[in-house]
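These are the structures, in structure tokens.
Both complexes shown next keep subunit A, but they swap its partner, so subunit B is in the first and subunit C is in the second.
Right, the complex of A and B next:
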């Protein structure tokens, strides 16, 4: 005879969990990481590894200090800090000093995430906040971009050059769109953002796994269109979309579940505002601003959620009272 | 009301520390803690003004009509701030320039006006001077600690002496100031909690012993 099981709701459970989603994101970032290592050499791999290690170690040490048992921490470990670390690593220039990912990881996990209550409570995206922290702290090291060297994997230091975006904004066509797309030629940038095709492969994987949806495309599209408006020519669309950290930011960092609005309408407002802001600030400042824009819009998410609330199921607007006389 | 000097000292330095516990005078705290020496200078200036203004206000506490007390306090405070400013301009012009507009702004510093209103206008002269001294010292210690923290991390120096080349420039910016302030308040509240728990337990034990005896 079967036992009667009495339990609380919900009775139907999905296999989806934080851990599963985070592992999906990690898998989606593998192509970008591999291409980063191919372009920039083994030192890039070391930077990414250091960044991930620093994030995970910060989380474990913080929890140990808080008095949790090591076994519990292992059971609860859900790879969010690994994703943070990987994203942070991909956001670094390929030739920055080794202590930058270490410090960034500590800042991202301890200050932005753990002090505010751990996974799901971070007030902004940890990787973005850490990148901005590092940009402010080590302005020179964080803006000296390496030029990718395609071919044999190089372990020596790579040559440095101006970022692709700077010249694109000035209207100079130094780099062809294909070079920007593949990350070859002289299109320099952060470790994981140069090879767009790898990022797109990751995006398609996330789309299939239903981790993210079409909304990052709104961000990318609006940025491109706004740039066209600002520069007055349609040839500005592709370079602006393909250069800088726009794709990496739009697909992997702006879509962080914790720091996006709860409703569909709210999400659309959020991504459109991000796109407008990015194009406008890029135009005014002449440098890459994606990380600042995402940070800024993350602060607005509670505000968006406050004003755009979902309609309860079956809700009907109260009829206006007929005017008397 | 009788004030014990030990209580006054503990209030000013720890229990009602103007920076970390009352969160007063935040503008100079955020703006001037980029270097430890600025913190010391600002702290000393405020301590001097606070002691003198507390003394005068306490002396005049029965003379000043309560309807115009705030303008009267401001007048007294401004007098001493002007003296400090002239003194610094003459003998330490580098510190005076480093403090910039925050030196004349001591006039409207919440700590000084707050102590005038809350303490000096109700208490005898000697107590008011002591209160001014310890409140000022509490402010100075807080500013110096934050200044050392931000200078070591942000510029790699302590009181202008070079330690190393490693700099995290974040801590010299305004964002670093807010971050440091929050961090110090959090640490202060944490340690204060430990301290007050201990002293409460001691008081409880003492009470029990008395009952037994």
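Right, the complex of A and C next:
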């Protein structure tokens, strides 16, 4: 017999692990990535790869500089930076310069994550923060959207500054819902967000793996309904739900564990607020705002968690005691 | 009577139960060991006082430790023989005074005097005299639980056995269902209570059917979910009454007893047998032949393991009790107590040795916590030394069921943090 292991209760643990969850997210993003490459060409793949590499390298180099041993870093590696990298990559225009994902990755991992203490300590989503950072720093490159076309990239047909969303919001229905759903036609956008069916496949996978639950639907649904209210027309529902980065944002970025509230009630508040905010800002600004909205709501998460604390089981307000007792 | 609906409580988690290892094994009587080491402190409350001296001859069922104060319990010898030593022994579980008795193998008996089985006062006194404590693991003196001023209108028998691996209560209900039901009725009589409910998890359909056939008890099938058998969760599932934090079940008119406690009440009332033995499950993949054993109080763990074929080569962890709330043993030098419902030996495939990593705020622990606490913040603030803040997230309401730590993907030692926080709070507030 070997030496007995001494540890605290419980003596059995579930199979879930941070690593496993992150790998599940990566798997769930594969369809979207593949469709991005199909629509926008191999250059899109290069962008995604650079983004992932940059994120992972940033984390490893940061930890090496902090004096950690390479072996320990490998053991501890939990794939969160790979997820950040992939998400960032999928949020880029398919024809942006190659150095954009590199810079974005460094910013996401070093500034947003590691400087705040690493996994679990960042209070905004690194991929989103990096995207917003890039949008501000490289406004033009970041808003020049390629139009998807199966095969090679057609830089000649780019529609500067306007995603499909712009026209949808203004009520000019130039793109059919089916095109929006499949990401075909002229529905331009970030390389991972155009093909909605790929995102939905990923969502179903995450549902099965119990990594996320129904809550992204709250975000998507509320955005759609709020748009209906703002535009006064029910036909606005599908286009608003299917366009822009809403689905990618709602399923994969707004749900990031670290930057969502820790309670069920808190989460519902958070996702409803996100939906309202997104619809409202889209209406007012006429451009895509999902990233900004998520970033903004991330700041409110600590507040939500501070004020929405569940009452312990069996708790009663002291006054009611006599009646119910 | 079997109630139609499956009952449960909010929160909790599905844990693979691994009961197949021992659930088909009928209860086996383990031969009494050469020597028993009976602790005088195997219940919550004051240790009892030895009533025998070295050299005394004792019989099976004879008092060897007398209760010392209101919250305490009598201790009886499980063998006949001679007291060879009375000394302080440190085991991996505690340090206490032990009475060591050399078994002479004659099995001479000396039980309690008969009582009037219709007299509720007499039953009450018998429960006290027989040294009964909660056999589910808590070890709270049964008599003290019953001596409440509140009006009890439901006697709830806990047959949930939600701890994975353990099967002794299941076997008890199957093989001694009659005694369990009769014992429950004696308890109800002592408390002047009309309703007896037995809650059983649905992974024991045979037990549900068996006990459901008796008159005068209502069996409630419970959803299989951990911690279904914890007192407050069980009460909620069976009666929809929610006991307030910090209050006793009696405040809602309910008293909960483990099935083995009920059985021992029956033994004490009908056969005058005090509590000196119990059924425990010896199981896990680290043990060669898992068994359900009737063991005398004070049997060395090492002998039990040997009786079950010994440890396998891969045995890695020994636990007194079940895997969720059982106490870790640093060695097998210990002796059975009234509260030992199991001896679990996990092998290398069952233990989890992943190092804790940073919390990713996934919220799974809070979602699963049956007490609706926020374990991630209890952990965070305890680790940063802010114990009062940790308590604002419920540290003192935690009963250390381990559900949160079970689900945590970061494998954080959440129960350890709660324990530390409680200890520090006690120091701060005293």
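In this text, the second predicted complex is superposed on the first by the 301 of 325 C-alpha atoms of A that agree within 3 Å, B and C clash if a C-alpha of one lies under 4 Å from a C-alpha of the other, contacts with A are read in each partner's own complex, and residues count from 1 in each chain.
Going forward, a residue touches a chain if its C-beta (ideal position, glycine included) is under 8 Å from a C-beta of that chain, and two chains touch if they have at least 3 such contacts.
Computed from a prediction, not measured in an experiment: that's the story for all the values here.
Peer 1: In the superposed model built on subunit A, check whether subunit B and subunit C fit or clash.
Peer 2: Fit - subunit B and subunit C, as placed by superposing on subunit A, sit side by side.
Peer 1: State whether A:65 touches subunit B only (first), subunit C only (second), both chains, or neither.
Peer 2: In the superposed model, A:65 contacts neither subunit B nor subunit C.
Peer 1: Under the stated touch criterion, name the partner, subunit B or subunit C, that contacts more residues in subunit A.
Peer 2: Per-residue touch count on subunit A favours C.
Peer 1: For A:103, is the partner it touches subunit B (first), subunit C (second), both, or none of the two (neither)?
Peer 2: first
Peer 1: Check the residue A:74 against both partner chains and state whether it touches subunit B (first), subunit C (second), both, or neither.
Peer 2: A:74 contacts neither subunit B nor subunit C.
Peer 1: Output check: A:136 vs subunit B and subunit C. Expected answer is one of first, second, both, neither. What do you get?
Peer 2: First partner only.
Peer 1: Quick check: superposed on A, how many Å separate the nearest Cα atoms of subunit B and subunit C?
Peer 2: 23
Peer 1: If we count contacts the way the header does, which residues on subunit A are in touch with subunit C in the complex?
Peer 2: Against subunit C, subunit A makes touches at 1-2, 4-14, 16-18, 20-21, 76, 78, 80, 117-121, 257-264, 267, 309-316, 321, 325.
Peer 1: So in the complex, the part of subunit C that touches subunit A is made up of which residues?
Peer 2: Those residues of subunit C that touch subunit A are 9-11, 13, 15, 164, 232-233, 236, 242-245, 247, 251-252, 311, 313-319, 323-331, 344, 346, 348, 350-354, 357-364, 366-367, 370-374, 376-377, 392-394, 397, 400, 402-403, 405-411, 413, 415-416, 419.
Peer 1: Spell out the residues on subunit A that touch subunit B in their complex, using ranges where they run on.
Peer 2: 99, 103, 111, 133, 136-139
Peer 1: In the complex of these two chains, what residues of subunit B are touching subunit A?
Peer 2: Those residues of subunit B that touch subunit A are 166-171, 173, 175, 179.
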